[in-house]
Amino acid sequence: PKSIKVATDATWPPMEMVDTNKQIVGYDIDFLKAVAKEAGVAVVIKNTAWDGIFAGLDSGQYDAIISSVTITKERQAKYDFTEPYTSIGQILIVPKTNKTAKVIADLKGKKVGAQIGTTGAMEIKKVTGVELKTYDEIGLAFEDMAAGRIFGVVCDEPVAAHFALQKKEYKDKFKIVGKSFTKEAYGIVVKKGNKDLVALLNKGIKAVKAKKLDTKIHTKWVK
Amino acid sequence: MQENSRLMIEAREVSKFYGAFQALKNVSFSVRDGEKVVIIGPSGSGKSTILRSINRLETIDRGTIIVDGMDVSDPKVDICKVREEIGMVFQSFNLFPHKTVLENLTLAQTVVRKRNRREAEQIALELLKKVGIAEKAAAYPAKLSGGQQQRVAIARSLAMNPKAILFDEPTSALDPEMIGEVLDVMKNLAQEGMTMVVVTHEMGFAREVADRVIFMDHGQIVEEGTPEHFFTSPDHERAKLFLSQIL
Amino acid sequence: MSKNPTSHTPIDVGDGAAIPNKNDAGLFTAWRIAFFGAIFVSLYLAFGKSDPYYEIFKFVPDGILVTFKVTFGAILLATCIGLITGLGRISDNRFINGAASLYVEVIRGIPLLVQIFYIYYALGRFVKIPDMLSAIIAMAVCYGAYMGEVFRAGIQSIPKGQMEAALSLGMSRGQAMRQVILPQAFKVVLPPIGNEFIALLKDSSLVSILAVSDLLRRGREYASETFSYFETYTVIALIYLVMTLFFSKLIGIMEERLNAGK
Amino acid sequence: MSKNPTSHTPIDVGDGAAIPNKNDAGLFTAWRIAFFGAIFVSLYLAFGKSDPYYEIFKFVPDGILVTFKVTFGAILLATCIGLITGLGRISDNRFINGAASLYVEVIRGIPLLVQIFYIYYALGRFVKIPDMLSAIIAMAVCYGAYMGEVFRAGIQSIPKGQMEAALSLGMSRGQAMRQVILPQAFKVVLPPIGNEFIALLKDSSLVSILAVSDLLRRGREYASETFSYFETYTVIALIYLVMTLFFSKLIGIMEERLNAGK
Amino acid sequence: MQENSRLMIEAREVSKFYGAFQALKNVSFSVRDGEKVVIIGPSGSGKSTILRSINRLETIDRGTIIVDGMDVSDPKVDICKVREEIGMVFQSFNLFPHKTVLENLTLAQTVVRKRNRREAEQIALELLKKVGIAEKAAAYPAKLSGGQQQRVAIARSLAMNPKAILFDEPTSALDPEMIGEVLDVMKNLAQEGMTMVVVTHEMGFAREVADRVIFMDHGQIVEEGTPEHFFTSPDHERAKLFLSQIL
């Protein structure tokens, strides 16, 4: 293919977001562009709500998804992934007033939020006694925690760092506790059986890694 | 006898405007305790307006109206007190359709006069007997004929023991065969000495019952006098014309 | 979807009641086909095709409960707000009247989705109240404006003579309103309130953006993990359909009873 | 929010038109306060408090354009669907009538949000069409049902004698419909279509859950990056308010012209 | 002369049901070319129903109706063809309110008869002159009096050059002062030899114009005959009773 359409949910800073010029930017975007360049294809990026992002792939509205998608068994059963392109982990954020909580299990009997359909949400669900609340956007979970309706948020480590450290209001109120407690790898998602595209993208990823472009991108976006 | 009794209603130089249109022009008249006054006049002459001004269903723009010693035109006067003392009967009956006949009669007694239910119901039943429809006490107004409804409406007024009752064309919405039964009730009331101000086109009633007839036209009182004088030899051309049309 | 023009058109043409008219044979048959069809399809999917439909039907019921809670809570609160607003809209007091009118006009000018979101999070800044209650309040504030117009129209539909008769018996305006006007107005507004209820039942799906685990949210959660979007949305749509059709019928029957009882 | 009961209540009480009635002084004043108030607040926020409001106002305008495109596109398409549905609903053909009624009943029984999502993605399975068009089609399919009832009511409001007169002049049913009934019905349905337009303008915010960058979506994008949810939603609400108030006024004026021209 | 002319309308054993209610009971009659038939009878007797069955505005359940050789009761017959040949004038005029008077007359000419606009307008203007309202050609129906509207409706029918015209109480919705102008137009038409079937309560018109009077009651033709015979010595009791009430 000369050009591929790739969807992203640009509400996941700093991995993917819309800047003030309405450009979709972020770690994933830079990475994807590098991969495309190496693979020799053009990319068109489409901003799509996370909630329907897999449905859109099914219905063929785009060819691939790059949106901080963790490679999981469940997802692999339905979709094909490229090689992992970066690894991160889930991390817990709680209000500063909470002095004791270290892990999700410490919040038994309380509500903990995550974005719908993310690995963060799945991690919370695993802990019995903690009530999961899912949000369309991770930012809304933080808002709800600021309003005192939930007592913890679980999300990707870079996102947490971004939220907790960058917004003044949040910096005063929230804190990251502990270290990331999962080992996850992001991959680019394509429709099941689209072998050619996977191969093409993998070729690009390999080249990017070989040229160490990915570390450059990492230092640019992740503090 | 009424000449000596005290004033029940007194209107002095009353004017009323609807926008630029003057519905009442310096209207003055008075009604003594026990007197029966009939107001007649062509449509749009201001009969309803003056009647409704007496219990402030319409506010007046100039002049004063004193009812039983209370100044209706004074905003500081508690108008509810005035209305407790002055009953009103409407052309369209205005019974409360969601209440039975009995409840129609007891509602204001309990809410306004603060009577207890037993007492209110007793009074109500007596009055229903008086107007001849005791057997309909449990019925809803919709089940009643127009004449029956209007008799209930009169009984509802009486239940408040008013010192006077205002009637605004009480028989105009009735089928001809029902007019008589309502007029009979009104005549009985008159005999018992109730103070009454009646707007009506029933000239027979006016002749028989009225102590005084007031003839209005274009928002003014044109002529005022005994029924004998008014119906036989009215002083004004307009009154003559009106009588020739209506009789 | 649309407010009906109640007074400024010579002929009153709306987009129809949510509650099918008994005399509209077409819609009546359609109701039956839709209702029993939806139930049949649901059963077939759940037990005939089992996977993943059976799973989905097992996953969402607590969402239905939340949807009910939000709907009933919001309609109750909205009715109260609506009553007050309706009384405000017919008040002679310029300030009260202005405030009620402004509330109606502003609320009706902003999409429900935006409002719900706004009220929910704005509320969170000032008072600590649980999410479900916040969602109910947000829905009720929005629907209160529409209910206000229902009450206004209902009260104004009672003949003027009723108020005059009550006043001339010595009742105060408040007494007359409570004893005479409102009891009659309530009967009049019952059908439109029924309509609002159905509309609210459907719009309650908007609270799913507030992370309230209603029916739609539950479905989205299921779908986002299993990626069976179509199957899930099919089930969600079926459940909503059965619910709204059921309630519209129920309300229709209740109305008939009420009218028959008169 | 609610469908008005058009025929099964003795007194027609609805939750009011989106287009304020000229004779309703309260709402009229409220319109003015709301409209100019919203504009004033917007200007104040943009230029008085500048940060971040100025940024937000700069960020969202292309979303407004998308909202317009979706709204106008959907209302046009919905009008066509509505016309066909309306004709179907009054058809003597049992099958056509049944199909139209079922469409109306099913669509009105499912929340818009669920439908839009469903139609949008279901559509994608079968045909490749751009997202904006898919969103427009999804909205139009939903609103088509409501519009169908508007047209049905509009057509049925034309006295039967008109059709009979046309037929007895030798016209076919189709000719009579086109030449005699529909031109008259169009005048009748214009105000309710205006109402639907306003409702659609607001409901178009629901497409923000799809990959369509409408006003609301733009706002959410901005908010999720800057975390300024409140400021952003305030701006979004203000813009919607100004738009709906503006259009409801415009439609009101157009209707008046139309009536005056008669 | 009409005795020999050909049949224009022939109804044989026509029955019509509304649910269980039989509105027409074995009705048979015929109208020859050039004949003027007046149908009279009490309200609800089926006059409108039989008239409307002739051009299939109502479908019949039993029997046959033949119009100008075409079987109206046969679903395969193109009913539009029949209707082109048979005009109809309604009690409520049914002018098209969104079209001018002229357009009311030209619409069916261009759409059905496929005449070009010029020709249609010429015919229309002549007919408007004939019914005496040429000056209103550009007006909308709403601006016309009832009598004027009905005359336009007749002209609209005539514009299709029908072989017969059906009138269903054409003057019943008119104020008394306008009845005459419409009857005059109808009388002129009759004189010109138009075949006419007229349901009316205007007995004067029936007497003057009708070749034959048909009296209906309870969905049946009770009596049929010349106006002289019918109005002076009807054979049936019901007809006598009806005449005594109406005259």
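Going in written order, the chains are labelled A, B, C, D and E, and every chain counts its residues from 1.
As a convention for this text, a contact is a pair of C-beta atoms (placed from the backbone, for glycine too) under 8 Å apart; a residue touches a chain by one contact, two chains touch by 3 or more.
What you are looking at is a predicted structure, and each value in this text was computed from that prediction instead of being measured.
Student: Count how many hops through touching chains it takes, at the least, to reach chain E starting from chain A.
Tutor: Counted as steps through touching chains, the separation is 2.
Student: B-C versus A-D: which has more C-beta pairs touching?
Tutor: Higher contact count goes to A-D.
Student: Computing the C-alpha centre of each chain, which chain sits at the greatest distance from chain C?
Tutor: Computed centres place E farthest from chain C.
Student: Measure off the straight-line distance from the CA centroid of chain C to the CA centroid of chain D, and report it in whole Å.
Tutor: Result: the chain centres lie 19 Å from each other.
Student: Quick check: how many Å separate the C-alpha centres of chain A and chain C?
Tutor: About 37 Å, centre to centre.
Student: Between chain D and chain E, tell me the centre distance in angstrom, where each centre is the average of that chain's C-alpha atoms.
Tutor: Those two chain centres are 46 Å apart.
Student: What whole-number Å value describes the gap between the mean CA coordinates of chain A and chain B?
Tutor: 81
Student: Would you please write down the residue numbers of chain C that are in contact with two or more other chains?
Tutor: 121, 125, 229-230
Student: Two or more other chains touching the same residue: where does that happen in chain E?
Tutor: As it turns out, chain E has no residue touching two or more other chains.
Student: Got the chain A residues that touch at least 2 other chains?
Tutor: 51-52, 55, 58, 136, 140, 143
Student: On the basis of the stated criterion, which chains touch which? Give every pair.
Tutor: Once each pair is checked, the touching ones are A-C, A-D, B-C, C-D, D-E.
Student: With touch defined as at the start, can you tell me which chain A residues reach chain C in the complex?
Tutor: For this pair, the touching residues of chain A are 51-52, 54-55, 58, 74-75, 78-79, 111, 113, 116-117, 121-122, 133-136, 140-141, 143-144, 146-149.
Student: Quick check: in the complex, which residue numbers of chain C touch chain A?
Tutor: Within the complex, chain C contacts chain A at residues 121, 123-125, 128, 130-131, 134, 209, 211, 213, 217, 220-221, 223-227, 229-230.
Student: If we count contacts the way the header does, which residues on chain E are in touch with chain D in the complex?
Tutor: 55, 57, 80-81, 83-84, 86-88, 90, 92, 94-98, 107-108, 111-113, 142, 153, 156-157, 160
Student: With touch defined as at the start, can you tell me which chain D residues reach chain C in the complex?
Tutor: Per the touch definition, chain D meets chain C at residues 1-9, 11-24, 26-27, 29-31, 33-34, 89, 97-98, 100-102, 104-106, 108-115, 117-118, 121-122, 125, 142-143, 146-147, 149-150, 152-154, 157, 188-189, 191-192, 195-196, 198-200, 202-206, 208, 216, 229-230, 233-234, 236-237, 240-241, 244-245, 248, 252, 255.
Student: Which part of chain C faces chain B closely enough to touch in the complex?
Tutor: Against chain B, the touching part of chain C is residues 159, 161-162, 164-172, 175, 179-180, 183-184, 187, 262.
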